[in-house]
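Paired with chain B in one complex and with chain C in the other, chain A is shared by the two complexes that follow.
Now for the complex of A and B:
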């Protein structure tokens, strides 16, 4: 009766896998909080695939465990069923997964085109140039509004541009367009909370956009400083997702989402003033 | 047509000396065993590297007991990030290029193809020997790279430019040194040798299968192992030249200063500047994945074939849907050539191209589903003998289901944005390559060991090893899905720097402990494998009552394999035939 033991072992391990996925959200191990306008579309597709794959996982696991339990006690006196196949079954398990896969495929296209296609990109409220380098993010903000020629600005820049390291500042609801560049090696600009990731390619400028649905930054009028609102929870971070050398893991940045455009403008002006009045001996 | 030059009986009268017989042998069986032994040795090395990676991830930058003093002093007995990069890069390189591909194609392919098609040897025995000895420069250069200035290659097994290829006016070292200096050059040289070895092997396999099948061994009477190795050889012959050329291009970039992967404006590293280029970093990714995606199938198809044979033999039941299984193999291989771009959805390639690659990638799940359902149907109403080989084959099926289903998440372009380059990918590749391919390899070793060495492995210890490996491997790799969903990036020296991923540390620690235990459990296999060489029960000709041709010759088979050329009368899966006195009807049994 060792077949029962093996059926239980297979069943137990597969059940443990199933429960781990089912219970992970309960323990807080799951998709990070989404704060981007298209994040819900992506998360929705994730759940659609999770349900479809979960169904096939349970189906195949149950069939296998049953087979081991029922037909795993080898008996030389017995004979297995003599069958070389069944056309109907073959058609069933070719066509049914095929239909589901086709549905899953075409369900992806609207979200993919919305997030990535240049033709679908919304008019920017804000543009920022991001230059990845070993090992930090250099962000450059235009001092006033969106420049007329964005690509020319991204390649050259203006004299009053504001430079910030490892901090992306935007405001709630803004179409924030990011022009990604690198001068050394590949990096990947990864915003887990915004469901956005894009590699940086030497010699190329890659444009992406994000739009925050919530704010996480507050201004302290007494000290005239900005900080993350602890009530919002963990920081919304920037990480590098493409191996770029020894400190690849340490390219950490933070996204600051100001409540309104006015708050953002005040921060930008403050930062610009501070930069211009900076003296080395201070 | 199947009557090749294999018709003449070939028993060698001349005794060969030890060196010619076991070292510089042209016998396909010895060459196969040589591949298997070297792959097993590298499996141990690659496994130890993986444990070192887990050591760092479980206890980031912790004091390392015992071996801590091996690490550079500047890190105070701890592992440096550069060294960590070398560990995972070399782990992957070894496991893919020096373990799984040589084990499946080189080891099992060599040993099984002539025996299963009824041929005395490979079509080109000397070429075959050359294909094994081309592995040695690779062994030497990859292992020795740890001892050159700057250490081993540490830019991932994918070696993306420009970090891998960039070169400064002063010399070959990239500014990313110590991760891409001399070690990277040795990596490139090693992989070029592996590529040549595999190409020599694949030409041999194709020729042998096409020309040297025994009389009556029609294509649709070949066991699925042979079909799978045939398809794999075609994949290798067509895709490998592309990788080999790409490796050569990067080698030229690194040594003589060409600029295939350097953009026109050159690169700036702080106050260092490279020369101006004229190439494209993205070109490498296209060339690399044009081979390395088919390589994923090169690493799984032979295991699928072997598992099909082992399932049918031990289930004592004909393989369900033989022809659909063959068509599925061919479909996976064919589609495998047009899906490489799914590794590059976030690479900066035109996103509209991503849509096309997504459709092709989703389609490839169809033949995979066909295979899984046919394996399950083979077990249905069977009379299963749960040997160690069979248990591993069953595990292959259920683990391949997980690895295949998780692939759908990353084939879906929008979902891939979130999980690309996270531990979800690491989980996926390990479910396919460790949990599927390696369980297939274990199954194959338990199954064909008697034929290779003339002795049986211990069934009891085989089952103990299987149970521990099955439980622990899932404990190591399944939680990686969960931390990947949370966005935990791969190739991170220390994720606790991030508020998003620091809370995952208990899971990382759990996986590391499970990995250490998993490593320890493999000692059982090593002892069983080596001990059985001398202490195992003598193997009969056909211990599993199997139908295929290799079980009609002595264990181990003599040089030349068959006394007289066998004649084949039926397909390989005639088990439980009604009205027959025995449970199995060998392929050589004449029709009544």
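Now for the complex of A and C:
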């Protein structure tokens, strides 16, 4: 009787885990809202892997609980039976995971190439340089989207470039290309809502791109300021996903997606004007 | 035998379950635990131990910066190269105890910070500053703005408001700033020693990036200056932006920095007076020391308030051209180049080769700093033309960058200088003749590429 305790404990923990996972979305603990064009591809892969690993986790755990329940209360007088294995079973549990891994290997190729291959990268509508440093993100925007500027500005910047700390501004539907650099140590530029995470390597410029499918920013004409639209929900965060020092946790930023290019341009002009300000005001 | 085997599982079942439950309980308690990250009430502001660096600073400077973590050692070696130090170790135990008591009474402790101007000051010279203290507090946003001036309990209410603001600010300071700037704001927090440039030591009441009226006898930052530094960080240094904090939180932090700075400066001044050989051995004892602390607190408060209430370094004239596309821009840049390289302003004598070959120099804190390499496009005090205007008109106190006076250089010249500085990192915006003088080539594409902006030099 005593040994049924373990079966109940293991079964209970399993059930609790299952309930927690099943109920998490109800309480809002699940993937953050996807707002990137390739977010669905990433999420699809996530769910495939979640279902595959989840299925086998539940299967093996249930078998374990059944085994403990059925044979846990053993008779010490009875001798153990030694098995030399079962060829059919061995084949099954070698080939089945092999097939699944092969499937994952090939199934991820389209998503991986779409997200990371330079050849697949769309023509940028906007190029932003992101410099990570302990502990903030410094972003640099070209003041206007002249194509030539996109080519040349990465190496030195131009006089009218706009510098902003911790705020990534783009607009809905823009192919936003980000040139990632770091001033000091390794950081990782993470946009959870865009399903994109990329390490920043000292001495190297890493290029990534995102494209927003939704906007979250509105312009207040009265004060001529931009703010996050509360109706869209919580802010879309920029996070550092690589432990980079004491205030790693504070290395956060916010993504502002403007509804239109016009609105973005207006913001850029507004910010550029403030940066060019020669009047004493904050 | 059989019985013993049957017992075996039970023997470790109980400890296992107990330990699991204990862990669970501890974890839950940890989750629900207090997130209060204030200071322990037992924590005090220690009296200064590191030496005071006095003028004149050594003219001879090493070619290399101070190695990481060696700031205090390098300061202690300053006398070897004709630097002047005052060592607080020379205070007697009694003097140190008196100083600590007086400072604690006036400024409290980290968990209960305050600023009080205590006692009567007989010294004519300083009596006014003490009388002015309530007005100074009001100018510095350290008095309750909702209390009417004729309220009988105004002093108490203002004090309560001040203490509350400072306590909140102190808590935030502990969480966000103390790691580098230290408990007393000496720039010697646990990570401070490893940063280059070193975090600001507030204890001399000197701040670099200010916008107050340059005519004041003592240049102090305005609250807006400190807030700008918090909002934007200091590019090219380890000071990040704190724009993610709420505006109220940043305001509290500014107040607390003010508190630390005034406390530090009073301490600095008092130690200097105590160790002054001309004062005689019993110049500042007991009551006298208390009065000294009160009068200097009043004085420094007044100086801060002066900077806050005076009009600030306001340009009298607008720039003629601000955009490289403006027709007047090249001429303005050319004029700026003349001012920069000319003898009168003398910019080039420190920013040698436009800062590319600038040498290390000592600043008022005894640290080695390098005049900015202006071809890099990194501006610690901010990149807006108005920020540059403030740097030029107010100078950079502490780092001993002189201010450009308005008699010899009217605003038009300063704006020209600013246009030149803005164009300098971008060879394509310089007129051909200036580009050739600065970069040695006429073709902007022939200028060797440099580290893309945003980094250290």
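Following the convention adopted for this analysis, the second predicted complex is superposed on the first by the 266 of 282 C-alpha atoms of A that agree within 3 Å, B and C clash if a C-alpha of one lies under 4 Å from a C-alpha of the other, contacts with A are read in each partner's own complex, and residues count from 1 in each chain.
Everything that follows uses one rule, which is that contacts are C-beta pairs under 8 Å (C-beta built on N, C-alpha and C of every residue); 3 or more make two chains touch, one makes a residue touch a chain.
Because the structure is a prediction, the values reported are computed rather than measured.
Upon superposition of the two complexes on chain A, a steric clash is found between chain B and chain C.
Using the contact criterion defined above for the overlaid structures, shared-chain residue A:134 touches chain B and also reaches chain C. By the document's definition of touching, both partners, chain B and chain C, reach A:3. When both complexes are overlaid on chain A, the residue A:28 reaches chain B alone and has no touch with chain C. Applying the stated contact rule after C-alpha superposition, one finds that A:158 touches chain C and leaves chain B untouched.
Looking at the shared chain after the overlay, A:188 reaches chain B, while chain C stays out of its contact range. Of the two partner chains, neither chain B nor chain C is touched by A:122. Of the two partners chain B and chain C, more residues of chain A are touched by B. Contacts of A:109 after superposition: chain B is touched, whereas chain C is not reached. Of the two partner chains placed by superposition, A:230 touches none, neither chain B nor chain C. When the shared chain is aligned, chain B comes close enough to touch A:249, but chain C does not.
For the superposition on chain A, the stretches of chain B under consideration are 494-502, 512-520, 548-556 or 566-574; the one running into chain C is 512-520.
Shared contact residues of chain A, touching chain B in one structure and chain C in the other: 2-3, 76, 134, 183, 246-247, 250, 252. On chain A, the positions that touch chain B within their shared complex are 2-3, 6, 9-10, 13-14, 16-17, 20-21, 24, 28-32, 41-42, 45-46, 49-50, 52-53, 56-57, 60-61, 63-64, 67-68, 71-76, 78-86, 89-90, 93-94, 97-98, 101-102, 104-105, 108-109, 111-113, 115-118, 134, 183-186, 188, 190, 192-193, 195-204, 206, 234-235, 237, 239-250, 252.
The residues of chain A lying in touch with chain C in their complex are 2-3, 5, 76, 129, 131, 133-136, 138, 140, 154-161, 163, 165-166, 181, 183, 205, 246-247, 250, 252, 274-282.
Chain contact summary for the complex, chain B toward chain A: residues 80-82, 85, 155-156, 160-163, 166, 175-176, 179, 263-265, 267-270, 277, 280-282, 315-324, 346-348, 351-352, 354-355, 358-359, 362-363, 365-366, 369-370, 372-374, 376-377, 379-386, 391, 394-395, 397-398, 401-402, 405-406, 408-409, 412-415, 417-418, 420-422, 467, 470-471, 474, 478-479, 481-483, 485-487, 489, 491-495, 497-500, 503-504, 507, 573, 575-578, 583.
In the complex of the two chains, the chain C residues touching chain A come out as 2, 5-6, 9-10, 13, 176, 179, 191, 211, 224, 227-228, 232-233, 235, 238, 240-241, 243-244, 312-315, 318-319, 322-324, 377, 383-386, 389, 415, 418, 422-423, 425-426, 428-429, 449-450, 452-456.
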